[in-house]
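Each structure below appears as structure tokens.
One chain, subunit A, appears in both complexes that follow, with subunit B as partner in the first and subunit C in the second.
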Partner chain A sequence: MAVSWLRRLAARAPVPVFPALGVHGDAMLRELALDPGVELVGSPRHASVLLVAGGVPPDQHAALRRVHDQVPRPFATLWWRSEPLDGLENATRIDAPSALSDALIAAHRDVMLGRRGSSPRLLPDEPPNPWEGLGDDGHGGEGMMGGVPYGRPMAMNMHDDLRDGLTLDSLTFRLGPFFPALPPGMQAEVTLQGDLVQTWAVQHAPYPLGLDAVFFDARQQPVSIAELELARARYHLYRLFHGLWLAGLESVGLHVLRLARSLTPDSRVDGLRRRLARCGFFDLTMTASAALDDEQARQIGGPAARAAGLADDLRSEDANYRRLGFTPVCQQEGNTRARWWQALAEIDQSLALARQAAARDVQTSEVGSVETPRGPWREGQRPQDASHLLDELLPGLEWGEALAAIASLDLAAVSEWPLDASVAEPRTTPPEEYRA
Partner chain B sequence: MIWEQLVLPTLTVLLALGIGAYAVAVLDRLIAGALGLSRAGSAWLAPLARGAWLLTQSANVTEAPDWQAWRLAPLLYLMLAAVGLALVPWSASLVATDLATSVVLWGSVEALATVVIFLHGWSANAPLALIGAYRYVALGLSYILISMFVLIGVALPAESLQFTQVVASQAELWNVIRQPLGLPLFLIVGLGVSFWGPLNLADSTDLAGGTASEVSGPPRLAWNLARAAMLVAFSGVAATVFLGGWLGPWLPGPLWLVLKMFAVLLALLLAGRLLPRLSPERCVTLMWVVLLPLSFVDLVWAGLEALL
Partner chain C sequence: MELLTLFIIMLVILCAGLAVQWPTVRRQSLPTYPQRAPFLGGGLPDTHAWNRYHVRYYPMTLLLIAFEMEMMFMYPWAVVFVEKGMMAMMEMGMFLAILSVGIVYAWREGVFRWQ
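Let's look at the complex of A and B:
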């Protein structure tokens, strides 16, 4: 096939990659975000390569097929620690993280230069339900509003608007499990009027979170407090990166990622906090919405609860933490803004604790239970999924407020498997979660 | 006759559109690189490679879109940018269309932009695109009023609605100094009309690209090109009405205008990279409660200054 100059030129563009995240796939995403040869995009329509990172549970294969078919041709797929879907047996599977970036660039180049064909369509190109052609307007039912064309309800006013009584057509649709602004794996059915959320029903909880192995070790044996606190700070920095990306502050987000990557006890976040306050991250991008009441805060636990004024922290029960002068930091309002202030305050506190602990080489004194960055992990009781709380928290919020609230909340359960110590080492015996 | 009235104006506009949009892409990438968001490859080649990729990608189909509106919206937006550029005087004599009512026509370009952007989101027949469209209408209604008051302010000292007269009225003192509130307010209008950076409520990350979330291939290229072109057109108008247009010593007039347009573009692109996207509610409150009264003050200031 003759390769035109246009395709040769196109092959030199940074690779637009749509990441469909499976279980523990977000660790890879953070590596790719810093890769200059890769551009992560938010819609499959804007991608040249579909990257499926991490195992996808079988009940979400249908959704993955739909995402796959939404990528415009020609495109390639790449599977990172994930089994390709039926029908894509020839797709590339990569397990070594160090090879991923090059493989993405090569996949884009090969597709552009015609060295490999586009990934095939998996689904027939037809509506999920037939157009029934019944009724006065061919909408599939009796009367004006009776039908469900293509299997979906017509947009009509079933209930009044929640905010100001200005009733608009209701729009109901499903979001997820691969929508990048939601936690990986989460799927919800949303009803909107305009951009105001009327109802929000979580249909599939987000995938369990992979925590750093040090939090698992801390339940078995005393571990270095410095190491534990650095892992905690890193975890919150990763969350902040997502929040900043969502708010359109990509360059500050990458700064945060770089900080997380090179984090030492001597790192400081004062400059970052000032920069965020100055550019209006706390005041202009979010409103004082999505406040948790005490009961909701208790159900979520961890930083979200402390942002709502509950001073619960298992570290207070550890004698060595008390010797370092630990007391929980708290905010009062419990809303989106308070949760980001809390995240920054906890990063600051963790770094301060790590500094002191590293100087005196202090270890934890309690085993059995540990305060993870997601919340308390008491004897045998991991932090559980709390995503159902969104159903009561989000109605009445504007779309942007709702998504900012979700980004500020950490609702997924904690996985029973730790995240690989570094994604640089391929796992030889994958745990159950990795197998799709 | 044909050369002066048809070929030259068309050429000027097309050249400014093409070169300007390319310059926006390069400049934005250089700024991003300076802020730590580096991408592989040369900044000069990247926009061309990106364009070539979009040309090879197939144009996406959604279920039952409004085809005509969906395909037409990017072109209409590009045309609005071209209309804006046609009004910009490059020198006292080199101007594509020297209308006596050019200020009014630019105002209508801003108003029609709202319609076209809504059309782009609505016609895709997809939820996220539609939300982007709804949001933009709220923003559009808010910034157009500010723009009107600011533009009336610059027409007062010129005693004319013609851009060439507005430039001539700045021979002694540029409007940026004469009406200090004007340019900052107008720059916010520029971010609004091209929904760039902090005012990108239409095509934002929380909507996976908003009105463009379902668009791929050549239509997406047209849409991106049109957005960049609208920034260029706006910077041309801003340089004309506030920075003295072609006026300046030593250098030829058109070159002065290009330099001033670059300064405006730089300010807009920097704002786009440094500021977060405003939440729609904050944005609308800011526009109506703070910026609109400020534009009244600007107009009163301009009126008093014209009387004295």
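Let's look at the complex of A and C:
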């Protein structure tokens, strides 16, 4: 009777998983999002399994320890293609993508039924800043501001307000690298005044993006345009999923993921466009901000630049693309909403190109440089990290606008290694065995 | 007698509620300090969270009170109006005029613009 009825119920529920994403970890996330046995949560406080997906650089281990210790007991950790932290030698490491979902469910069940103990705490149970009860009223010190009762200063207004002159206390904190609304690996020091971003300083650039192997092949030899364009459309759909998930439109996000998984040249996005318009994604007021100027748009390149009206696209230089009637699609405003319209337009265009190319079996004619979904990849010049642009783009925006802008911008550098094909490829057989 | 019964029931419920909250009854210690820290994706805050924060809908709530007060006083006034006639009409007119100044002021300050 050690196990209560409630625990047995909890063990049967979908597994609340908090993913801490390492290098190339986001590919696995999209697989898990569609798994009915797994529920991805946005905070470790709601999780009972911490999934570390992908390698984490040693300088971010301290942050990972803090996230690990914020999961309430009892909980399990799972390490997907990642080395467990010191002190967690008994933790489960998984490398095969197909085994991950089952391992998550098994770990959750074992922890809930008490078959295995909770993951140990890694940090000492001490207050980060001990109470210093000084002063007449034990308020921490002397003087008008009451000193520093917890060793940390009171929030004080150091800056004038950027919005309407109503000065509030500014709040400085460091965010990331495992904050789900930021690109994986990005760390920033943020000062908020109320809900307004006062300063934003990127301290650690996001991990390089893993692109589909076909973009790497396209630099070596002619590849099928249909295949290239489908990979491009899939990439933009994945980004759209993240933006929708952040906007709280999860069911539309899952629709996007399912579309990406079953993408063929004959797929259409008309239904998706209607659904996005109906759910109000493009009408969100927070998407009408964070417009890029020409210089910033040029530095980021790719769809973000085209959303700001720059018609730069390496595909225009490819004779076979021109034969298919390719001209770059552009938006004008360059803000968050224009970037999402651009993503949708590029998905539509890629599918149209793929349809034509598949019918005539056309291949690329240029090698050496390729237009990746992140931006142009010229001779030896991969798209570089542009996250430092956030430092000038975000101040003055409200918190929601800032997060929406980050989701719509693709700022990470492109990795020199392609995404592992076994992860990138949509899994066709759903795991059924664990239901038995 | 009934009051006493109700009082005892209330007392028992209150005691039971407090007892459930008692840490030794819950058999759970408080979460550790690292767990109680705010979740910032691995980052740390510089200050603690005791800061002044402006609730942006605050003027809206004040305005609601201005409208609400009108309505609240107009219900009893409607009863008295039958007896008092024109005098009550004048008094209510003055009251509404004073409240309207507040609303007009709020209008000028841009409270009705939704941001």
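What we mean here is this: the second predicted complex is superposed on the first by the 393 of 436 C-alpha atoms of A that agree within 3 Å, B and C clash if a C-alpha of one lies under 4 Å from a C-alpha of the other, contacts with A are read in each partner's own complex, and residues count from 1 in each chain.
The rule is simple: a contact is a pair of C-beta atoms (placed from the backbone, for glycine too) under 8 Å apart; a residue touches a chain by one contact, two chains touch by 3 or more.
On a predicted model such as this, the values are computed, not experimentally measured, just so you know.
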item: Which superposed partner A:Gly194 touches (first subunit B, second subunit C, both, neither); value: both
item: Dominant contact partner of subunit A by residue count, subunit C or subunit B; value: B
item: Partner chain(s) touched by A:Pro72 [first = subunit B, second = subunit C, both, neither]; value: both
item: Which superposed partner A:Ser43 touches (first subunit B, second subunit C, both, neither); value: both
item: Touched partner set for A:Leu240, first subunit B, second subunit C, both or neither; value: neither
item: Partner chain(s) touched by A:Leu351 [first = subunit B, second = subunit C, both, neither]; value: neither
item: First (subunit B), second (subunit C), both or neither touched by A:Val362; value: neither
item: First (subunit B), second (subunit C), both or neither touched by A:Pro177; value: second
item: Subunit B versus subunit C as contact partner of A:Val202, first or second or both or neither; value: neither
item: Partner chain(s) touched by A:Leu64 [first = subunit B, second = subunit C, both, neither]; value: second
item: Shared contact residues on subunit A - subunit B and subunit C; value: 43, 45, 70, 72, 127, 150, 171, 173, 179-180, 194-195
item: Of subunit A, residues touching subunit C in the complex; value: 20, 43-45, 60, 62-64, 66-67, 69-72, 121, 123, 125-129, 150, 152-155, 166, 168-169, 171-180, 182, 187, 194-195
item: Residues of subunit A defined as touching subunit B within the complex; value: 6-7, 9-14, 16, 36-37, 39, 41-43, 45-46, 48, 70, 72-74, 112, 127, 150, 171, 173, 179-181, 192, 194-195, 244-251, 254-255, 258, 279-281, 283-287, 398-401, 403-404
item: For the subunit B and subunit A complex, residues of the former touching the latter; value: 32, 35-41, 45-46, 48-50, 52-53, 55-60, 63, 127, 130-131, 134-135, 197-198, 200-201, 204-209, 213-217, 220, 273-282
item: Subunit A contact footprint on subunit C (complex, rising order); value: 31-35, 37-54, 56
